[in-house]
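Below is one structure, written out as structure tokens; the observations come after it.
Letters A, B, C and D mark the chains in the order given here, with residues in each chain numbered from 1 onward.
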Amino acid sequence: MSFQNPVFIPGPTNLPESIRKACDMPTLDHRSPAFARIFKPAVEGVRRVLKMDAGEVILIPSTGTGGWEAAVSNTLSPGDTVLAARFGMFSHRWIDLCQRHGLNVQIIETPWGQGAPLAAIEAALKADKSIKAVLATHNETATGVKSDIAGIRRAMDAAGHGAMLMVDGVSSIGSMPFEFSAWGVDIAVAGSQKGFMLPAGLAILGISPKAISAMETATLPRTFFDFKDMLTSYARGGFPYTPPVGLIAGLAHAIELLESECLDNVYARHHRLAEGVRRAITAWGMTPYAATPDLYSDTVTAVKVPAGCDGTALVQLAASKYGVAFGVGLGEVAGKVFRIGHLGMLTDVMVLSGLATAEMCMADLGWPITLGSGVAAAQDYYRGTVPALAMAAE
Amino acid sequence: MSFQNPVFIPGPTNLPESIRKACDMPTLDHRSPAFARIFKPAVEGVRRVLKMDAGEVILIPSTGTGGWEAAVSNTLSPGDTVLAARFGMFSHRWIDLCQRHGLNVQIIETPWGQGAPLAAIEAALKADKSIKAVLATHNETATGVKSDIAGIRRAMDAAGHGAMLMVDGVSSIGSMPFEFSAWGVDIAVAGSQKGFMLPAGLAILGISPKAISAMETATLPRTFFDFKDMLTSYARGGFPYTPPVGLIAGLAHAIELLESECLDNVYARHHRLAEGVRRAITAWGMTPYAATPDLYSDTVTAVKVPAGCDGTALVQLAASKYGVAFGVGLGEVAGKVFRIGHLGMLTDVMVLSGLATAEMCMADLGWPITLGSGVAAAQDYYRGTVPALAMAAE
Amino acid sequence: MSFQNPVFIPGPTNLPESIRKACDMPTLDHRSPAFARIFKPAVEGVRRVLKMDAGEVILIPSTGTGGWEAAVSNTLSPGDTVLAARFGMFSHRWIDLCQRHGLNVQIIETPWGQGAPLAAIEAALKADKSIKAVLATHNETATGVKSDIAGIRRAMDAAGHGAMLMVDGVSSIGSMPFEFSAWGVDIAVAGSQKGFMLPAGLAILGISPKAISAMETATLPRTFFDFKDMLTSYARGGFPYTPPVGLIAGLAHAIELLESECLDNVYARHHRLAEGVRRAITAWGMTPYAATPDLYSDTVTAVKVPAGCDGTALVQLAASKYGVAFGVGLGEVAGKVFRIGHLGMLTDVMVLSGLATAEMCMADLGWPITLGSGVAAAQDYYRGTVPALAMAAE
Amino acid sequence: MSFQNPVFIPGPTNLPESIRKACDMPTLDHRSPAFARIFKPAVEGVRRVLKMDAGEVILIPSTGTGGWEAAVSNTLSPGDTVLAARFGMFSHRWIDLCQRHGLNVQIIETPWGQGAPLAAIEAALKADKSIKAVLATHNETATGVKSDIAGIRRAMDAAGHGAMLMVDGVSSIGSMPFEFSAWGVDIAVAGSQKGFMLPAGLAILGISPKAISAMETATLPRTFFDFKDMLTSYARGGFPYTPPVGLIAGLAHAIELLESECLDNVYARHHRLAEGVRRAITAWGMTPYAATPDLYSDTVTAVKVPAGCDGTALVQLAASKYGVAFGVGLGEVAGKVFRIGHLGMLTDVMVLSGLATAEMCMADLGWPITLGSGVAAAQDYYRGTVPALAMAAE
């Protein structure tokens, strides 16, 4: 029997019914005006979600990794210097990508569990005026840590530095507050499968006028990812190659959903679900891997497991015995954490089932746990915090 | 945001993904051989699920109520006497239907919470040889009580009585053991939306050779429900009017799912989920409305609420505050119970979310409850009883 | 390879994408307010499509046959006299249903290919004041003949007769003009699978205040079809038994589609498609079975086949060789006609493929036909009659 | 009314019902064994469709353009020389991509309407032993021309040249015979949205052992497209980043469909549909743009329009007036042709509707055309060539 429980991975998220239907469409001629009628609202919607006053939106049939590559290859040239902190698997991978593309990456090694080190960034920028771009991972999915992007902008300004600010917002955008223009972001990278609650397959980027200018001189090779080809085609209502029409239609619909709820409510919803998870973790006598509460991500929590326990074993047992998906620890936190994704299409009621499953696994594995303890802590929090809206409407 | 939690009503059940897809099909010419290729496996599959050695299967675009009416109108004549016990809303409604159709119903009034009174049935049969049919509600959905159909057959045999045995199996068939031929059932009535995990819209009947013979002399009027029209058309691979092709395709697929799991495993799965619910109820200090454990239904539990508490208020709060559907008490148990459906497409993990929601509602309503207590009891039971099969395969 | 061509049967129609999606929904608690939010717009929409000033709408999980039975059993008593003309398979079947339910049917035998004989009806009414109801088949699907319902009302008025007027609008409503109140209809019966472009499974009725009054004294037995149970439940936002929620949601959406096009445009679209088919038939040297142009149905055409040709053979060949579904001749026109359904989700372009297929079959069967001749006639008509609307919008 | 006609563009194709359902799936943990159970059959199936004896299959969430870029960037280094003929928009674009990536492209300019010039290729190879790769467009979608890939291999062998052979099979693979190993192909590039009948979003590549070796020394930068990352992850049953699970599931299903029909039958079906289109074109007094019959593509035909006529106007009118999509002429054949795609999910019956639509547009535009003439020619051909299989089965 293939009965489907909700997933609790940090993306792809559970898919809302109406988004699945928006994506699943018959073939439409992507060279006809009908395509423009789908594409334009998607692009305009992304602009609003990112809070962009200026610049352009780019959609690429790709993933977050492709989005990073597009950001780098359109704006930089071999040998250029970029600055990046490494404090998790995804900040690491972006650095690796830059190195493979012949960039000189100044790496600020930062303990996992910490966020972007503002002071060190400022110092590095002051010391090296040749840095072309600062790379920032808004939400490090591996450790459940959010970084202070506005703070990075302040550090850049304090250093009087003209580098571009490139932000990996794959696991934050659409779920946690993001301010493209207010934070002075030059390139933001998102993916369809996280806050936008779509299947994987679409990289979603916002690019500032400064990033657009950088295209002119950047010599890293690109064709599939070329922003100029994109913008030229977009201006004619088209796409430089065959677009994934269903995903784009789904994106337009997803943004309608997010905006009909109101983005601030979306963020509050994610915070509420996340806080319930954190209450449960505390009741279990455990802690998030994120070093301090200001770093807690509202989309994913990496739970530090007790000494002698193996987080990966819990994830495997949850999948094999209960049909529930959590995330394993990656890289240097492999085994030391398990991760609970709490973003996208998810309710308090679903989260409780995830917490209950984790508890059963812990008991099965002999971890010190009282069944129902985390659930009770989350129940207590959730029942006191249901938004008035949810009670009034469907 | 219309995010969808599982439902915990006693049908329609949550729908498996693959059944939804089987039902959602483009138009097919129902007068072509392509229809027969869908229809025949559905009919043959029902025969196996009901465990019919002889007789015919009838599918009617209708509901359980329509199935009752078909059973009665095809086999009985105005003024005929039938015997029925009344111990819940659904046994009541079938009686009411018979009365409206001009039958003389000998009613054995039985306390709600009890099942079919075997001794009283036997006595009634011995006393009245004119009884044409015994009506039995296998699973009384209003009280969560299952009746002993084999016992009724024994009572009929003990009375040496030739009446037909008509069984309402709407909320049992496909979820709890059913033995059409071994129990000497003459008409069994099921519905698409319970154990078969389909949308509502199809009454599913098994009819014995004796019931088929009874058609010849029965004078209650019928056309839409006429078995003879059905059987004549079926023999030609067709249907007497436009059939609901999608539901029939879905039925064939549902039976494939049930049989690939093995019917005995399906029944064991329902028992396991139900038992977890009952453990939770006990932990809450409450009891099922069913009078004794041998009467406990494995598809629905009516939970007796503490004195001074209102079961209907809990159901309304769960819907309005948490977006979770339970069943209210009906008729004479209105307010005195709330009902948890645990049939069809449901996992242990989903059940835990339902129990957790009920607990939040109880706390919200000021009922005496410890959050997490019922969840913990169910967790403890579930984690000790996962079938080996589930652990081995997807 | 199961590649799907459009169907050209007189219902069920091809299904619009968005209607399929509206029907295919997850389980919703039909006892919750969420159901009323789906149900009420469907009921109100039907009222508008039928053009009802007064009376009630009834939705039954059933088919057109069930709708007929509901009409009769709720308003008549055994032995009552009804008047009906017989001029096709569907008018015949309704008569048969009445007879099985113990009604006395005054039958006006009318040649197939003719419509309702107004003068004979008037005469019969004048002669027999005991007639309780006049049954009229608005669109005889077997012969492709429409009848003049307004004319029947005039005949009834001319006779000063107080009988109820019951209309089978299964294959007309939603595709051809219908005026419930203006025509003085007492019961109109429609089905989901024709003009509403839904899967089969829902009988849709409009009932007048007079029909509602008739319920009080009518003694034919009914429970599943009982209007009073329906209306009582509807008033509470519910249903007397488990409703087919997906079909009802689909109905509400279908009416949105029809009304967004505007009903008059819907009727004009059907007329245009039908006229193209008739031009093709003429080009083939054949004629519609309907006796005169004023009788031509805009939803289905029964094509009279040349002497020595077998219409059923064409239908079978189209299905087996080309995967295209037409309708066979039924009853006394079996073999003498084949039927082309041209209602519901269909475009001029699709119709051309149906005509082209029919031509290939004719050639295959050795009928006297010039390939492309009917297609050309229809092309010529269609290209001159595209509505301005279609050219402006998608 | 958004009623949907089939599309006649050269991809994306119309989508089979079952493929849409296979793609539209709930979220699955792509790091779990469940993903491998979907992924592995897809990869193995591609291997069979390409007829690969050795080498590896690569799937990238991307498009054909991304596939080209992956082919080039994984195997070549800046300054490397590649050989390519230019005879249409897609051969042109691949050349452009190479140039942007710093390759030295020896271009053999060839008249549009011709295929790959075998003699010129052989001569060029004999003259320049430094050529690292020969790029070949198997089916030039812009002109409807297929090239002789086996012939190119013979030319390479005749020249005794060790270059890699890279083939753009985007609009041929899955629809026309392809022999990866027999033809000595080193990299074949396909896309999901053509012969595989899926939505756009997946580049599908076969790479030979020689291409795999070339990865070791190739210095063009790549991360998203990196074959080594792919192969390393695949070996563990995973993907280097979030895979488009639905498209991969759909791919596995599409290959089941193709293989259940038998690939040779799939190719024969495409040939039959294409030949019917060509018969129609001849009846119109027009010709395919492809110079000679041996060059005729079986997936797309570019129709040379009469002098003074504008092919683009026909395409625009078909879309705006009839809701039917054809392809415009691209680049130097803009206006001079219109294109009829005849690949993927399409039947003879559907093709006839496309031809009929084209005829109506021609008449509307005042082109010299007899309505029904092309349809009749295609009908005559189609009705004589239905495969026995299609008549026997559904």
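What we mean here is this: a contact is a pair of C-beta atoms (placed from the backbone, for glycine too) under 8 Å apart; a residue touches a chain by one contact, two chains touch by 3 or more.
Bear in mind the structure is a predicted one, so any value in this text is a computation, not a measurement.
**Student:** Going by the stated contact rule, which chains contact subunit B and subunit C alike?
**Tutor:** A, D
**Student:** Quick check: more C-beta contact pairs at A-B or at B-D?
**Tutor:** It is A-B, judged by the count of C-beta pairs in contact.
**Student:** Using mean C-alpha positions as chain centres, tell me how far subunit A is from subunit B in Å, no decimals.
**Tutor:** 45
**Student:** In whole angstrom, what separates the CA-based centres of subunit A and subunit D?
**Tutor:** 35
**Student:** Calculate how many whole Å lie between the centre of subunit B and the centre of subunit D, each centre taken as the average of the chain's C-alpha atoms.
**Tutor:** For subunit B versus subunit D, the centre distance works out to 53 Å.
**Student:** Can you tell me which residues of subunit D touch two or more of the remaining chains?
**Tutor:** 4, 17, 26, 33, 394
**Student:** Which of the residues in subunit C come into contact with subunit B in the complex?
**Tutor:** Checking each residue of subunit C against subunit B gives 4, 7, 9, 11-15, 20, 23-24, 26-33, 61-66, 68-69, 73, 78, 96-97, 100-102, 191, 193, 199-201, 220-226, 240-247, 319, 325, 327-328.
**Student:** Can you name the residues of subunit B that touch subunit D in the complex?
**Tutor:** The touching residues are 17, 21, 25-26, 33-34, 37, 394.
**Student:** Okay, in this complex, where on subunit A does subunit B touch?
**Tutor:** Going through subunit A, the ones touching subunit B are 1-5, 16-18, 257, 260-261, 269, 320-324, 345-350, 352-353, 356-357, 359-360, 363-364, 370-373, 375-376, 379-380, 382-383, 386, 390-391, 394.
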